[in-house]
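Please find the structures below.
Shared between the two complexes below is subunit A, which has subunit B as its partner in the first and subunit C in the second.
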Partner chain A sequence: MAEVVLKELTKVFDGNVVAVDKFNLEVKDKEFLVLVGPSGCGKSTTLRCVAGLEEITEGEIFIGGKLVNDIPPKDRDIAMVFQNYALYPHMNVYKNLSFGLELRKMKKDEINKRVHEAAQILDIEHLLDRKPKALSGGQRQRVAVGRAIVRKPKVFLFDEPLSNLDAKLRVQMRTELAKLHQNLQATIIYVTHDQVEAMTMGTKIVVMKDGLIQQVSDPLTLYDFPVNKFVAGFIGSPPMNFIDTEIVKEKDCYAIKTDSFTIVLTPDKNKLVSSYAGKRVTFGFRPEDLIDESGVKDKEGRLIRARVEVIEPLGSEIYLHLSSGKDFFMARVPHHYKTEIGKEVGLVVDLEKTHVFDVETEKAIF
Partner chain B sequence: MGKKALIYVVLIALALFYIFPIYTLLNTSLKTDEDLKYGPVAPTHQVFFGAYTKAFNLIKKQLLNSAVITVFATIISSILGSMSGYIFSKFRFKGDRVVFLVLVLGFYIAPQSILIPLVIFMGKIGLFNTYLGLILTHVAYGMPITTLLFRNYYEGLPQEIVDSSWVDGCGTFQTYTKIILPLSLPGFAVVAIFQFTNIWNEFLFGLTLTRGVTSQPVTVAVANLKGTTVAAWNMICAGAAITTVPVVLIYIFLLKMIIKGLLMGSVKG
Partner chain C sequence: MVVKNNIPSIVFIAPAIVLVAIFVYIFSGWSAWTSLTDWRIIGRMGKFIGIQNYIKLFAGDDIFRKCLYNTAKLIVLFIGITLPLGIICAIFLDLGVKGKGLFRAIYLIPLSFSFVASATMWGWMFMPDKGSINTLLRMLSLDFLTQPWITSTKQSIISVAIVYVWQFSGFATLVYYAGISSVDPDILDAARVDGANTFQRYVRVVLPLQKPATFTVLLILLMYSLRVFDLVWLLTGGGPAFSSEVLATYMYRVTFNQNLFAYGASISFFMFILSFVVIIIPVLIGTLKRMG
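Moving on to the complex of A and B:
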């Protein structure tokens, strides 16, 4: 196993499309790193650069301490799992798994051993004689993973491997891949556009946008302390609420003031926001950080009165779409919460979990 | 009901129109010399195979020539077209589009315009009136269309399969032989039918690049069945009918190979 280091990696496509821009990243040995971002953010291109399937425009890539810029994919000691599985249709499952080993002139006994080992781990032993067209989507995905496992490579690369599976199977495969990572103790770089996949599987997450890294950190830090509005809105489902508003000074503290409610920030934030007094900012809070006012004693300075516009019961919880003055936002309340459309409700914000972003730079002030 | 009947009438009329030349060809080929005077349309009074034996004896050497030239030229141009189609479809290199365009433009060069230099050139390199000369000419003339057909076929092959083979350990050529080639059977069938028909039916190169029967193709031989003084139409038609048989057979045989869904299961189905 090995670490992967990307230094100033840049990829420019024909017609000057910058897909990846001066990308610096260190993937430690045995780490499960997830690259996440919206379509076209350059995450797949980055992965393909690591694989050697794209020629890089500038920068350096090291795998296991070795500079691999000019080394072809087959000699990089990596294995890759593709979104559409990319199994060889004319070969049966056994041959699909053994193909890479045969090309490396491995002994027949060893090939046989490895194929059966991998097939056992992935529970596809009974499918070894079948052709890919006789497999279901989930089985094909297992074979694709198996093809990577048998090689015992230094680094595994996954390019949105679960996005072609149905929702139930995706959840199942997610757990299996996480388990696999623990068993194999391998370095994994995993690309996805699904933030749930990123949060549940990654030990480290890289959020990307327009070819640039937005934030690199562990899942919880990403969730609790997003560095900018993009990360805050991208991570979390339903996404964080944003309200464009103004910061005003109120006695010893600063407050977020809209036409219909005022949220007084705690004094420890004074220093951070003092320079923004009287200016426009974006106020952010997550739907789950709103709680019903009943039973809350000190709701002074953190209460929002809002009208219920839409109710979405999910069984385990309820999403409320709310309006307050000109602003719209969502709340996530327990499943036993009783309300109806058009009714006015009072919700209290958890002040510890609020965020304020600069309107222009979109960077987090806190 | 009336509308349906009308459609059938039109369809039958079109079918008859299409079949008519084939009817006159077969009808005439089965006539005796005596019967010829009633013209090609009037049904033959007596089925007579004599014209076939006569024609076959006159063109059998050229039939063999055509078979050798067509089979080799078809195989070579299909393989070369498949290789270049693979490169143009799955590789990006500087100027790839221009090179491809220039190659495909070759398809539009009228054979007549290059006849004189071609004949002189073949003479100079000693390939005039040889199988190899005609094979090379057909291969060169076939490259644009075989490359284009294969490139389009490979565009339908997911890039990921190729990527995957590279990660698995294949080089450029191994990917071609181990992955691309086995998946190309339907593509080869299409290209082979196209090339076989074209080369078998080709007349101009056959006429100009050969002399005598040594390497003369059958199309030229059939044309020569028409004597200088009398035209034995039953024999000419019999020769033409014989010449059509291999193309029809190849078509039937290769059509079976164009199996749909050969790729099913490789990617999301």
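Moving on to the complex of A and C:
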């Protein structure tokens, strides 16, 4: 069993910079947990605390049920893959892989066996004699991963390992790391600022901001039910549209009212928004939840008329940058959608997928 | 057209090229030519005698052979101590020990001293009777440790080496500290996760990455030790009994004390060739390697 438990983990730098604040988290055995957030949110610091590379200010860290606060990195039974690979430049690939095993005084035969096993898994057997400088970015990344798996640790820690790769290679490595997780059946904690990486690889995602956990859940829950405006805006590409507006009472329901359109909320939301009637809120909807009005029969109370400002054709789909009154937002429409800049279009909101956030606390009302 | 476009660059670079051409290449060439003559007296050029001076130098000059040995001994002692000392001090600084600012200042001060000042100061310190080193040893009742230092034929070159080490170990420390500080912290973290303790991190990871720093230090120390003159001349005068005579002091003695200009030029040209082989060739190879 290799679960990782963080209790009230706090890391303060130079006496006043709080990088991680009372962080509580449980990573289950064999889970692929992703820590995601913008730069400076404390995700890498959290990972380094788990690795033992940063001394924690307060709290407790358990790996496999054992308190490891005072245990050095080498004895925590973890392996780490760094953003810039951190390969030993003066050693060839074989030495890079075997260095950790040599230091553990493992027998040569066993080292040789493990290095070749890892090299085979990562398809780098033909590179064993090469020095890191003679490898491409992708090959270096494989060696860095190989150095981790050769040790057969309880927990793998990945610190933005794909950031230095080009877009195509990143997609390829993403798939390979996901496969590797399935094959190794190991516990992985993976740090990234890329929400696409987080969504595609993680079985559980932790969204962080300013050293605090914003939300912990599986990718789809995170996408469909963000707990606050930050998570809603951070997860999803293109990001969720936000419009600061007002909630008004209309007949039996409540409605989102702007200068140029009115969206009538479904009656099941009445209870949730009743206390906000007449108050300012943030209305959120994802670009893909705007549908072309043609072909939609019941569009009353959910139609937005908007002017096309910019068209971004991506091949498989089109991003439309739109304006309606003083508000600006995006829509993601199918590639065959025909329109032109300056033209007025009608788009219908999928009411089941809208969100409303408290303006002050930024927490999701629904 | 190319020349026309580059006129401003040529104008700016010309004075430097002219000066280098005159004072380095023309004088070196002249020295090489002189070494093939029997020139002895100022005002009258000697006649061409081929490589006679070189034959005499290598086949019949015991003092020259002694100088070669002394220079080699000085280089081995000087570099053999300065390099490891520089590494140890740089690691000490890198470990972030308290008072490292003060340590660094103390270590770098000798580097700012001129050789004349160092030679004078160490000359006093090395005096067998009233010198501060032996006086201190006697005060500590360690009389048995007192040494004749520069007055002994066995210790004079060692004494010169000690002053050289004192003067240059700060430089070696500085270069190694810069080299050690530039090692990617992630590599050191990776080594920690891999299981390396502090000693193993330095020996197995940090030091093997100091090849460029070692190359720089080695080259500069070699340059200084091959042409060593002022410190030896002022500290020991090459004595006693040529025990600390090195190539440069011997060249000076032969040329200006004995007025054997051509013979002195042959020693000088030999030193040039030696420097070329030991210093310039490795630099050229390094440059060519970098250029692929």
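Going forward, the second predicted complex is superposed on the first by the 364 of 366 C-alpha atoms of A that agree within 3 Å, B and C clash if a C-alpha of one lies under 4 Å from a C-alpha of the other, contacts with A are read in each partner's own complex, and residues count from 1 in each chain.
The rule is simple: a residue touches a chain if its C-beta (ideal position, glycine included) is under 8 Å from a C-beta of that chain, and two chains touch if they have at least 3 such contacts.
None of these values were measured; they are calculated from a predicted model.
Once both complexes are superposed on subunit A, the partners subunit B and subunit C clash.
In the superposed model, A:132 makes contact with subunit B only, not with subunit C.
When both complexes are overlaid on chain A, the residue A:86 reaches subunit B and subunit C alike.
Taking subunit B and subunit C in turn and counting the residues of subunit A each one touches, the greater count comes from B. With both structures placed on the common chain, the touch criterion links A:271 to neither subunit B nor subunit C.
In the overlay built on the shared chain, the residue A:297 is in contact with neither subunit B nor subunit C. Of the two partner chains, neither subunit B nor subunit C is touched by A:338. In the superposed model, A:168 lies in contact with neither subunit B nor subunit C.
Of the residues of subunit A, those at positions 48, 51-53, 72-74, 78-80, 82-84, 86-90, 99-100, 103-104, 147, 151 touch subunit B in one of the two structures and subunit C in the other. Every residue of subunit B that touches subunit A in the complex is listed here, in rising order: 158, 160-161, 163-171, 174, 178-179, 182-183, 261-269. On subunit A, the positions that touch subunit C within their shared complex are 48, 51-53, 72-74, 78-80, 82-84, 86-90, 99-100, 103-104, 147, 151.
Residues of subunit C touching subunit A in their complex: 184, 186-187, 189-197, 200, 204-205, 208-209, 211. Those residues of subunit A that touch subunit B in the complex are listed here as 48, 51-53, 72-74, 78-80, 82-90, 99-100, 103-104, 131-135, 137, 140, 147, 151, 164.
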